[in-house]
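Next up is a structure, given as structure tokens.
Labels A, B, C and D are assigned to the chains in the order they are written; within every chain, residues are numbered from 1.
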């Protein structure tokens, strides 16, 4: 993969945005390798993502930012630009179940997904050996059920210490405190084991079995202070039938969870997700 | 298709059910063309469906019922047997939208699904010409928004008059009164335009758009006195993205609705659905 | 839906295309409602589709063409622009089976798909009454198995007589002569009842049953002189199992065929399909 | 999971099979936890799989075999019975790519799939450390491209040495010699990275990209002496579009491959797959 800059923009829609942005890039000889744009007619909001060959531009990322700022200001853009060669720092959090964590670690070590893992945090020690085989630091931060605050404080400190760009809750079975969620908007991803908004909260497969649904699902979403209610990045489902016990649903669901989380994570790492209101635009 | 008898059974699970049923059938020379059985370990409940070549048995349906009754009584079975050559009488109900109705009518006139349609009932007159082209009586029973009871009374009388085996709400946009639902348990099928239990009630696509889900769905279920809460027969989903307006979701959803309803209807017509509690076993 | 102009472009990739096109549109005050672009890195080919609010432009379609031509020439574009208010003329061809035809006719009469149907052509008379109920002329052009050429000549003349923009083979069970295919490149759509390139030619469900595949499919493609080998527009599959006889596969497959054809047809009618080589870019 | 015996039967269809089998089991007080049967009307062949609670029977597996033999002989059954408590010995073979191997190893170490792994065989040394972390012996058996026979001889000897019940080609990139395939009928499983019968042989994703298909797939099948032509156990597909390069297809396809192989492996391990002719019945 050649090195690219990814420019991600949202702003009120008006005539001339694409023209100005593409004109600016063309004026510098910039070669666009991938382009997506979307205008939400109802909200009159515009979204775009350009991927530009870094070698085709006459300046580096800081130079790009400096040159582009006047255009951004003219259109009232909320925007950022990232460098595909700079991997994001992603803290992974898990509890005892390893299906999502294992899947992410495979993608990381095979290079299928490009990112750094400063550490894995868990409230249990079970997954230490597996994680450490990868050469990744493993932090066991236990939870005192009668006083969870120290745990979350330690989590918060660790996230800050490694300067994490993203936190992934890879079946981490604790509910983060609202303040922590609010301090990292759009930077904490969770995988919930139901097709949201159905079956919020605990034991969704049991809820699904009780209701007698014919498909079970999983949802990858940004974490907000309201439980399982944040902007959805990706979802998928799998078919079940009467032969499937709740235990079978848990097993079948694992495969959905890990693939949905992997896709959602990819979209985020590649700067393909734009949050607006409680929804997302995903330039997949 | 050769004529078959379909024996559908549910009873408390115990040793010897299959042996007794299959032994009885084999003793008469009965040729089983399709067999399904399922034991719910948790509820200790047993379900089975046998399809037997009619010509292989030495008696007709009444004879079968008479001979089989002692076995049924021994095991405390809830059971019935149907004759594949006797089509069910299905009243179709619709409002203005025709996608589900048209789809069902195609399957009926092509013979893909075998059943009789004594009439189509609608609270609007829009679909009269299309239905009547098929040679099917069309009843326009208007709804007075300030007094809906006469409408439902007329519906009830019509269902009784044609001795309907089944009523299909093919996007009929009125909520049936609870008493009517209770009087026809397991005999009224609805198609709801969401992936239940998400988005119960009115305007589910708008609810889905508001929540930002990445898949929309439809649910075919038996109607009970609680809105959109009856036993689910079939569900499916389709992928949507940010480009899809709510109007697009309505359009995309129509295709899911009609195929889910068609599958659910087939399962019911072929006696493949067994309701227990608020769930279904579908021997598809 | 507000009236739009759809500009569809393909050309060798180079710096400045988007800038020039969007700059031209913005310069006229043009409001872009939908934009897609794609650069094929391997072939260095660029594709784009812009949808522009007609009322935002100071000229009509002919004016647009005139003004845009210099840009098109500068970049060596293969391009066209269409008016969303001008429905395409689509000749439907079928034989005896009506599942695809019925589905398309529903979408037409409900307005879900906007197009005109100058006539339906069939080599059988079976579907006359159904088609004529819609007020659409029905042409029965029989095929002499020993001399098919007169049939195809009549088909050709009819297509020319109504000045068809598109011909849809909605399960028309005759193989068009190569010359006819070549005379309408990208303007004849077929639905093939297999997941191509598997099971080219006759009786694909029988071939599928023989091979023991676990999914059956359908393929919507442009017709070329080589049988079932033209550019693919859309495909989908459905799961089958050992319970499904070949007859079941035919039945299950019908639902896949009609939805795949409907999607492919929509893409074409909305000018979302760009053919290059033997492949398509679909800006869905 | 409680211990069960799994009786798997195929024989010519006739009246009385189910009655005899279920009568025999009921006569011993056997508790059937899961039952599947299927009659292929065309070939007049009957298939069944019963899962019986081991503790409900008055004898062990050998006792069962002895008692059941007369029934099996009467109906000309091809049959076997397995003990769910006896894990199968599965030799895994891979080359350099680890997505399928990693996925299987996760299911093994988490207990999601119950089986033993006497060793992993590879023609490369790349995956040694990962496999050995699991405590599983890793055999690097290099291939001399000019003389592959010694490699295959070593493979054959190793399979025999560990008395393998099953060999899984988890993206092992060598074609097994026909004789080896024939010596282990129904006991070597391969994952092919296309939706067979499309794209047999090498570089199927390149073939798929070339043909412009809209879905890519994977196929889990038993290996026979004819390349990629053995009985299919499981298949699935994933959607691709013009944005996806061949490299993207490879990446997207990996997820399909690993889930299809995992499902196929589960079916085999649980004795749910019955081969007949070149097809399978899968009692999933």
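We adopt the following convention: a residue touches a chain if its C-beta (ideal position, glycine included) is under 8 Å from a C-beta of that chain, and two chains touch if they have at least 3 such contacts.
Chains and their UniProt names: A, B, C, D = Formyltetrahydrofolate deformylase.
Here the structure is a predicted model, which is why all the values come from computation and not from measurement.
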item	value
From chain A, the most remote chain by mean C-alpha position	B
Chain pair, B-C or A-C, that carries the greater number of C-beta contacts	A-C
Computed distance of Cα centres, chain C from chain A, in Å	37
Distance from the mean Cα position of chain D to that of chain C, given in whole angstrom	41
Contacts with 2+ other chains: residues of chain D	34, 41, 243
Parts of chain D lying in touch with chain A, wherever the complex brings them together	34, 98-99, 102-103, 106, 110, 112, 129-130, 133, 243, 251, 254-255, 259, 262
Residues of chain C that touch chain A when the two form their complex	15-16, 18-20, 22-23, 25-27, 29-35, 37, 39, 41, 56
Residue numbers on chain B that touch chain A, as the complex places them	38, 40-42, 47, 195-199, 211-215, 217, 231-237, 241-243, 245, 277-282, 284
